[in-house]
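Next up is a structure, given as structure tokens.
Labels run A, B and C following the written order; every chain starts at residue 1.
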Amino acid sequence: MITDNSIDTPKQRSPFPLDMWYLAAFSKELKDKPLARTLLNQPVVLYRDLNGDVNALQDRCCHRQLPLSMGTIEEGGLRCGYHGLLFDGKGKCLEVPGQPKVPRKAKVTPYFVKEQDELVWIWFGAEEGSEPDVAPPRYEYHNDPKYVYGGDVYHYNAPYQLIHDNLLDLSHLGYVHLRTIGGDAKTHMNAQMDVESEGDQVTIKRYMPNSTPPPTYVAAYPFKGKIDRWQEIEFCPSHIKIWTGGIDANSGSVTDPNREGFHMRGLHCITPETDDTSHYFWTIATNPVTDIEEVKQKVVEQTRLTFDEDKVVIEAQFKTMKRFKGQPMIDIHVDAGANHARRIISTLCE
Amino acid sequence: MITDNSIDTPKQRSPFPLDMWYLAAFSKELKDKPLARTLLNQPVVLYRDLNGDVNALQDRCCHRQLPLSMGTIEEGGLRCGYHGLLFDGKGKCLEVPGQPKVPRKAKVTPYFVKEQDELVWIWFGAEEGSEPDVAPPRYEYHNDPKYVYGGDVYHYNAPYQLIHDNLLDLSHLGYVHLRTIGGDAKTHMNAQMDVESEGDQVTIKRYMPNSTPPPTYVAAYPFKGKIDRWQEIEFCPSHIKIWTGGIDANSGSVTDPNREGFHMRGLHCITPETDDTSHYFWTIATNPVTDIEEVKQKVVEQTRLTFDEDKVVIEAQFKTMKRFKGQPMIDIHVDAGANHARRIISTLCE
Amino acid sequence: MITDNSIDTPKQRSPFPLDMWYLAAFSKELKDKPLARTLLNQPVVLYRDLNGDVNALQDRCCHRQLPLSMGTIEEGGLRCGYHGLLFDGKGKCLEVPGQPKVPRKAKVTPYFVKEQDELVWIWFGAEEGSEPDVAPPRYEYHNDPKYVYGGDVYHYNAPYQLIHDNLLDLSHLGYVHLRTIGGDAKTHMNAQMDVESEGDQVTIKRYMPNSTPPPTYVAAYPFKGKIDRWQEIEFCPSHIKIWTGGIDANSGSVTDPNREGFHMRGLHCITPETDDTSHYFWTIATNPVTDIEEVKQKVVEQTRLTFDEDKVVIEAQFKTMKRFKGQPMIDIHVDAGANHARRIISTLCE
């Protein structure tokens, strides 16, 4: 919670947009054990209670400060692993073993969470006690029977905006991902790129008509020959969608959102851990018509290799930035999308 | 040494009680090599000289600051491993190789040490040059022919008082030590507990009459059936004794210090390493009448497992405390003993 | 660069002498990959371009700060591994992929380097833009056909002057190098030692006439019996030469720089990495007349073992110095050479 009740001092600027849902976990991460995760500088324990509902509390017993994530999930809630205090999903203490009365102050801070689409979202408000006024975003491709998907969560020793920068710039493919999906650097750099910004969103689009389909595409989808390809990025402050794919050349509109063809739909949720570190949740969903499991595995594996390469670059970049703190950087044309996103974040943090 | 010669500024509060003996090492740790150990923020070298006497010096050669613990024990004292200066057990330099005269300022700070009961005690005075005015505490169960014992020294990434808190609270057995000695949490939490504080001591006592003896007890001692059990804790600022055991039910006074029966006597010496880290020396002595070596090993091993569990909890607790610095904690009834001890330490640090 | 344009504040003292050549790398370290190395607190990338010339740049792309050392050596220069900016050896940006014009500010700071004698020297000036007014020192024994040599670069967690101290003091041989080249400590400590200081140089000389040659000497050189031995040290702020060796007893002047006999010539270049860490480049050259490769390997290996021992001592010394910051040290007679060197460095840093 970023609060400032003082009259004379100016309100402190948050390093992250608040009054917003962030991704806290994948549903599959919450089974029978509590999960400790620091989110926006706040240590949080997430757990699925015996009713199957996901809850989130400050990860600290109000008695002697043991992380509640070291406790056990029981009937009623989460029990601390030191002296056995039991808390419900709203942070209320239900029981203090060995004494009949629960002290009035025995409680821990709860967080609003919402589980949907196999994702667990958490709300961080700007004011103490503020409640969500919107629902978290939906993501249909985790439920769509035509799609299969896989993913992971990566820990980054870099602030969240460096990951935004990376995802909003398709030009680095040619240099960072030389050995995986990169292909010819010049082609990537020279394709026409349209950048638009509206409200809190940025969209970046690029189309490559009449291309030779890459091997993964051919294996997954019955293309007839050349294809029309697309790369579309949609940035929101809490997550980025990257749609890529192709249809048979000249078989329909490549820009139509309802286009047919082979799709790879990436969801990238970057949740700050601290000012300088991040959680990067990603999934990649695809719609192969043949060799479904095999294509899925190949797509997930290739995505993973790409993100491994990005991680090395982004963490090295951040290390250098810290060493050369305050030294100027120059901008080049590929920064357009990232710069839009930075302006949006900057406005939201005011 | 905590000193302040200034007139205007208030005397700085020590984070530890001073003018006191602390445990520095087990006798068995000092063989033919010097031992480096930081105690109360002071790097100390302990060594047993060729006469068999234990000495302690500041762990820093006065010439070029190599730790003296990297030197060698020789006739006369401890020789620095860089340029060969030789120091006696009082820190006096006896020889500077290559020059006839030893400079007047060539000396290192010595500490008072006393070896007894297979323990090495060290004195930390509040004023520079202050001398011990009492002898270190005796501990007879390391010498008693009816007893066998074992133990170890653990390094804790936690301040010493969190270890006090843990030892003075028997209620955590049910949650932390669920898999070892815990047993039924509710029984532990609900037993009557008497807490008394006098001078610098706190005693906590708990009796469980007519209980079923646990398997270790049965293996070690010829009980006839049910037993009367005791748990007695005695806190002193430098060490804590925990006596547990049992006698045949209704066979004598369970509160009599000279009671017969099966005894497990724990000695717990917690010596601050720094403000935030600690050395935790523990031994457990017992008096089995059968299977002596086997019972001893079982008792030591079970004690070790218990302390391993405590270490995980206490270090996690400290980590959380640092993250949530300054946030309030609530007290519950089981904190009575620990709170007494904290008041004693607080007064001693003034 | 240490600069201060302010009028009122005094010029900041550099922790290292500037306007000087330091060793940056061995020639053999620069093959087909860029080398990242922090020198005098400045992250530098060194690389050998496709013409075979060595270049050095600030290790930071001016666009998004990826270390250029993660890039690739190409026709024209060094290409950044993130977005592909290409820089020449003077730090000028030659190409920004995807845009026709290179921004005027697209450049990185270059350093003057000079490769000779299989060594790569780098210039650090006191003022921004200052140019070298002298050539780097020559070192003929890397090119002399009568000599063979080997060496290595060690990373030290200790400031550079502690390594100077160690090299300028031959007396520690008896204690630190007991198991390798030390021999009898007393002999080393008691040999006559002449220390002279002139300009920025210190020389330390020691002669041991009519000695029994050590086994390495006998294996390498056809001595007739007893030998006259020398140990000569020459300190310059960026490097130290240590000449040792022997000739047949009474066969000529042992102090003559052109003396015959068996020589071991050590070059020790200590380049600060940061205020508290150092790069220690060393080579040892020798002139065996028999078993050349075998003697060389033995000499290099023995030297390596000695330096391993020194590293342990010096890093432990520095750790203790940090803990006892500000506490006084005493001097002894063997410190004469090191103290001369410290005065020279101190004057150069003003």
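The definition used in the following text is that contacts are C-beta pairs under 8 Å (C-beta built on N, C-alpha and C of every residue); 3 or more make two chains touch, one makes a residue touch a chain.
Model, not experiment: these values are computed from the prediction.
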item	value
Interface composition of copies chain A and chain B: same or different, split at half	different
Turn needed to bring chain B onto chain C - CA fit, degrees, nearest 5	120
Separation of chain A from chain B, taking each centre as the mean of its C-alpha atoms, in whole Å	48
Per-residue multi-chain contacts in chain B, two or more chains	none
Chain B to chain C touching residues, read off their complex	43, 59-60, 62-67, 70, 79-85, 96-99, 103, 105-106
Residues on chain B engaged by chain A in the complex (per definition of touch)	165, 169, 171-172, 174-176, 185-186, 189-190, 313, 316-317, 319-321, 323-324, 327-334
